[in-house]
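See the structures that follow.
Two complexes come next, and they have one chain in common, chain A, joined by chain B in the first and chain C in the second.
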Partner chain A sequence: MERKVIELDQGWDYMQKGITKLKRILEGSVEQFNSEEYMMLYTTIYNMCTQKPPHDYSQQLYDKYKDSFEEYISSTVLPAIREKHDEFMLRELVKRWGNHKLMVRWLSRFFHYLDRYFIARRSLPALNEVGLTCFRSLFFRQNFDTFCILIQIDKEREGEQIDKALLKNVLDIFVEIGMGQMDCYEQDFEAPMLEDTGVYYSHKASSWILDDSCPAYMLKSEECLKKERDRVAHYLHSSSEAKLVEKVQHELLVNFSTQLLEKENSGCRALLRDDKVDDLSRMYRLYHKIPKGLDPVATIFKQHITAEGMLLVQQAEDAASNQVILSFEFLFFDSQVLIRKVIELHDKYLAYVSDCFQNHTLFHKAMKEAFEIFCNKTVGGSPSAELLATFCDNILKKGGSEKLSDEAIEDILEKVVKLLAYISDKDLFAEFYRKKLARRLLFERSANEEHEKSILTKLKQQCGGQFTSKMEGMVTDLTLAKDNQNEFENYLSNNPNAHPGIDLSVNVLTTGFWPSYKSSDLNLPSEMVRGVQVFKEFYDTKSKHRKLTWIYSLGSCQLIGNFEAKKIEMVVSTYQAAILLLFNTSDRLSYSEIMTQSNLGHEDLVRLLHSLSCAKYKILIKEPISKTVSPNDIFEFNPKFTDRMRRIKIPLPVVDERKKVVEDVDKDRRYAIDAAIVRIMKSRKVLGHQQLVSECVEQLSRMFKPDIKAIKKRMEDLIARDYLERDKENANLFRYLA
Partner chain B sequence: MEGRIPINKFGRGHRDKVQQFMAITGASEKAAVQALKASDWHLEGAFDVFYSQPQSKTHTDSRHLEELYNRYKDPYLDMIMADGIARLCNDLQVDPQDIVMLVVSWHMKAATMCEFSKQEFVGGLQSLGIDSLEKFQERIPFMRSELKDEQKFREIYTFSFGWAKEKGQKSLALDTAIGMWQLLFAEKHWPLVDHWCQFLQARHNKAISRDTWSQLLEFTRTVDSGLANYDAEGAWPYLIDEFVDYLNENGVGADGFSRTIGA
Partner chain C sequence: MERIDNVFYSYANKSSGLIDPEGIEALCSDLEVDHTDVRILMLAWKMKSEKQGYFTLEEWRRGLKALRADNVHKLKKALPELEKEVKRPTNFVDFYSYAFQYCLTGNEKEKQKSIDIESICQLLDLALGFQFRSQVDYFIDYLKIQSDYKVINLDQWMGFYRFCNEINFPGLSNYDPELAWPLILDNFVEWLREKQT
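Entry: the complex of A and B
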């Protein structure tokens, strides 16, 4: 049977009734659609779409579908919303949106047939989309004021209670209406919200920054950020979090960064000065996420540490120059105090870096740079490398730090080695250390072999094997020396004729490991001559091809003085012994006689005679009696000398070796620079001046900071020795000559 | 390929002289400019230079050269020594200290000052087209003019180091170096030469290396007397850096020119 054609008006009338009923339901009526009604409405649409042209009304029906929404929204929905305000308007909006979704659902079911074929064929938006878009274009585009939402938000910021659930519902509309895209939310809500947020916090910040101290301001900022995050969790869309946080940070922390950090009396500097650890931690937390936010904080940190360090250096310098009697011991005391204080400073700020600043590299770097500045200053004429070496010597020698536990000593040694990293003249430190180590080893002044080995291990870890190889050699030498001495004693007991008549022990040292000492032309006392000879004979049996050079200046001797009151054993240096033994043959000798007989130089002689006649123990009597030794003096053995002890040690003050050490190191540096230049040029063949200099500096930086002038001089020397030449065309370019 | 030197590069006065020169000698514009430049734009001097140039490789008589050599040779050695050179200068009516003798030595590729080997003497004169005293005298103005040529001056300057130093030494003794510099920079004016010599005597007191010698010429050519364009980070020898410091200490430098310097 032929279906009866439904005319458009006719069919639409019918549909209109259904739509009207739907509106009533939305407005609150308790009516419902039963399945028969639903079927009829659906079928009407179906028929009107499947009729033969000119009665296929798909396009028209599609248009009328859309019109239905537009009409309803404009006439009913919009006014309903508009007549309300604030919260009430928002509530109405939520309700109307709910209604709208229902309407879309129902109508799209009625008109569903259009969705199946028509929209695809014509590439038109689906019914659902059409419905939602209507709402959007009519409602939102007619300048819906996000304003009232923002008012709510600002109210909440000021501490008032608001209906968070309502806001969430409203914002959900923005999201839903995007139909998968966030553009509606972002453009119509988020952008104005961010701007409003910016204005709000800009205001707050301007007044806080004037009235509040830095810690107070930071506290408020932290609070604000927390609240904003909570806001996102409660009703904003999660995608807003990052942008919102950034906005707030920008207004509170970035814009006023300088004023905040530099605040007089409460800014970063003051916090460091007053050890306000919590506030500094907060500062770190706040600025951590901001790009380059931590840079100014790190700079202030560095400046602060540098100032503290320089203060310590200055105090030590002042103390040193205020000494009226600038004896070596005074200077030594203050420098020990200085090093200890620097270690404390280091510990303190290392804790800051790990606790407040979460071990951030920026702060490690700031601290390193700060220490590098003041750890390279000279104090009281001593370079810092020397001070550090003296400090180590003090800990490691007998009588130095026996009160401390092993752990405490290990700890200090660990810290000292860390300080070494900041000193640029590491080679100078090595040389001073080596000299003092030599004295400790040779005069048996080392407190504990384990500690000696331990610090060498630490130095090796930090500076490499080459740094410690000589020192390790020295320690080994002494161990071997003990074995050697045992063999010597065996030799003597097996050859009683060879015995020299005195107890002799000899340390044989390997030349390369030990610092250089000048061997002297001391006229050895006869008692000792035989001893040296015997040892030489013994040594020759062990190894034929080695040459022994005797360094008497390093020897020590035990003499028994036959004084009137009692015999006293004296521990003296070999030189001192040589002089005293002269008095076995004559009671009285002049300065020049002593000089001739001992064959020592003026410098040595004055020092030695002083220690024996003008110091604590007057073994010799000097004529005339005075505090200093002069070439016209006469010396006489003092038989009346006595002391309550049976055994005394007569010290010989150490000659200041600083000048020699510095000279030796300078010489080594020249060789090191030469070697570096040649090494670089050999591999690069051709290199520009600037680059050569900077590579040279880099290669040598592990041991010292080479002077640019020194590098230039060495380069010119190498040119003269035909290792390098300048390029003919470009005087700034150098070429390696094989 | 040599091109014309654009005449409009020169001032009016110079242009006139070039045209005059060309008219009188029939020389090309290039030759005219060269000769005039060499004589500091004095017309008469330019003629001298022009005519004393070896126009082409003139043939020298080797017998005459032999005679010339023997006239001045040392009685005991097969070389012309200081004595012979003095006599030669006398015959040429040239002061032995005259810088032209340096130029002569350069032509001869002489190894050391105050002596010429036979090969050096004969070879040098041959290349100059000289086989008699008269010809020698004629060539002297030309040889003087060679010092004005930038490139030749540089070669002569470089040559002087090896020539002036002691045989077997690597460096040049300070006194000799100072003497040479004063001689050379009298010809090619360098305003700082006196300061340089004073500085060396006050602060250096050691021999001069070849590198320093050659770099000094670069210094005179590239760095202006106000030291404005001196690059302290550059590859200048250490001694020159010190010299600049010395000048700055003594008030020569950026603000202009020298005030009196104490030794």
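Entry: the complex of A and C
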């Protein structure tokens, strides 16, 4: 049966009744739609859309659908909202939005048929979308809604209670109305909110920065940030968090960064000075997420450490220059104190870096640079490399760090090696260390072999195998020397004729490992000559191709002095023994006679005679009696000498080896620079001057910091030796000559 | 050609067949030029003479031919022109470098590579004095009081010329020791700057 055609007006009239009923329900009526009513409304639409033209009213119905909303919103909804204010307005908005969603749901059910075919065919927005868009375009034209939301937020910031749930609902509208996009939320709410936030905190910051101390300001900032995060959790959309935090950080921390950190009595410097660990940790937490935020903090940190370090150096320097250095021991004491204090400083600030600054590389770097500045200063004429080596010597020798446990010693050694990393003249340290190691080993003054080995392992780890290879060789030599000595003693017992008549023990050292010693032409006392000869015979049986060079200056000797009161055993150096033994043949000898007979030089002789006649034990009597030895003196054996002890040790003050060490190291450096230059030029063939210099410096930096002048000098030398030539056209370019 | 040779033999030593220092002195007096005059050095350069104080026949021929002189009178007249020629920038570097090498002593086997300070001072005065009087005077003062170097090599010699040409004097504002200037010049500049304060 043919359906009766529904005219547009007629059909719309019918629909209008339904819509009106819907409005009543929204306004609070308890009416409802039953299934039949719903079906009728739906079918009406269906029919009007499926009628044959010219009665297919899809387009018109679609338009009227939209108009229904516009009409309702403009006439009813907007006025209802606008007549209220503040919070009440927001509540009304939420209510009306709820209503609107309901209206959209119902109407789009009634008009559903349009969704099925019409909109797709014409690529038009779906009914749901149309409904929501209407609300959006009519309602969000004005911004005052956002304004009253912002007022609520600011009220909460000032500490007042607000209805968080309400705000959440309001903001949900912004999100929902985007229909999957956040543009409405972002443009209509978030942007003004961020701006308002900026203004709010800018204002706060300006007054806080004047009134508050740095720690107080930081505390407030931290709280503000926490509160803002809470705000996001409670009612803002999560996507706002990052932007909001950034805004707040910017106003509170970035804008006033300099004033805050540099605050006179409470800023970063003061906090470091007063060890305010908590405040500094807070500073780190606040600034570390800000790009480059930590840079000024790290700079102040570095300056602070440098100042502390320089103070220690200055104190040591003052102490050193205020004393007349009578003996090596004074300076030694101060250097001990200095190094210990530097270690403490290092421990202290390392703790800062790990506790306050979360091991951030920026702070490790700041600390490193600071230490590099003051760890390379000379104190009392001693380069820091020497001070450090002396410190190690004291720990490792007998009578040095007597009261410390093994663990404590290991710990100190570990820390000392770490300090070495900051010293640029590492080669100088190595040479001083080697010299002192030699003395410890040869005079049996090493406290503990394990510790000696341990520090070498640590040095090797830090500086590489080449750094420690010679030192390790020295230690090995001593071990082998013991075995060798046993064999020598066996040899003697098997060849009684060969016995030299004295107890002799010899350490054979491998030349390359040990520091260079000048061998002097000591006239060996006859008692010892045979001993040397016998050993040589023995040694030749072991290895045919080695040449032995005797270093008497390192030897020690036990003599028995036949004094009137009693015999006393004296432990002396070989040189001292050589002089004393001269008095076996003459009671009285002049300086020049001693010199001729012993064949020693002035420098050595003065020192030796002083130790035997002017120091604690006067084995010889000096004429004239005075505190210093001069070439006109006469010496006589002192038969009246005696001592409480039966065995005494007559020390020989150590010659200041600094000059020689520095000379030796300078010489090695010249070779090292030469080698580096040749190596670089050989591979690059042609290179500009500045680049050559900088590559050279880089290659050598592991061991020392080469002086630019020294590099230039070596280059000149290499040019003269035809390794390099200067380019004819470009004076700054150099060429390798094969 | 014959005339050139004849002039040569009039000054040459009969036994060695070379013009020796005595002969040069005689030549100088005929040219009315002092034998320490820079123009003799210029003449040597023109001849590409190898040994200081001696001219060989080949060198003599080379020089006089180039100067278009076949007697002493013409030679004398050619000197001003020669001077101008040498002073042209393109030639001067060559001349300056030549001056150094000319003064090196020693034979083929043991060729010296540097010249002692005293001789350098004289040579500087001769070769550069007219052009860079104040730089030369100061540098000579410095050379005499410094003790780092006892001799000067070619690289340092040429470096000084470059220095005179490129560096503002006495301001020294554009001198950069980080560049490849020879170390002796770095030290010279340091000394000068200290004097100026």
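Keep this in mind: the second predicted complex is superposed on the first by the 733 of 738 C-alpha atoms of A that agree within 3 Å, B and C clash if a C-alpha of one lies under 4 Å from a C-alpha of the other, contacts with A are read in each partner's own complex, and residues count from 1 in each chain.
Note that contacts are C-beta pairs under 8 Å (C-beta built on N, C-alpha and C of every residue); 3 or more make two chains touch, one makes a residue touch a chain.
For clarity, every value in this text was computed on a predicted model and none was experimentally measured.
Superposition of the two structures on chain A leads chain B and chain C into a clash. By the touch criterion stated above, A:Lys66 is placed in contact with neither chain B nor chain C. When the two structures are aligned on the shared chain, A:His237 is found in touch with neither chain B nor chain C. In the superposition on chain A, no contact is made by A:His250 with either chain B or chain C. With both structures placed on the common chain, the touch criterion links A:Lys220 to neither chain B nor chain C. In the superposed model, A:Arg439 makes contact with neither chain B nor chain C.
Shared contact residues of chain A, touching chain B in one structure and chain C in the other: 689-690, 709, 712-713, 716, 719-720, 726, 731-734. By the touch criterion stated above, chain C contacts chain A in their complex at residues 113-114, 153, 155-156, 159, 162, 177-180, 182-183, 186.
If you check the complex, the residues on chain A that touch chain B are 689-690, 709, 712-713, 716, 719-720, 726, 731-734. In the complex of the two chains, the chain A residues touching chain C come out as 689-690, 693, 708-709, 712-713, 716, 719-720, 726, 731-734. Residues of chain B touching chain A in their complex: 170-171, 209-212, 214-215, 218, 233-235, 237-238, 241.
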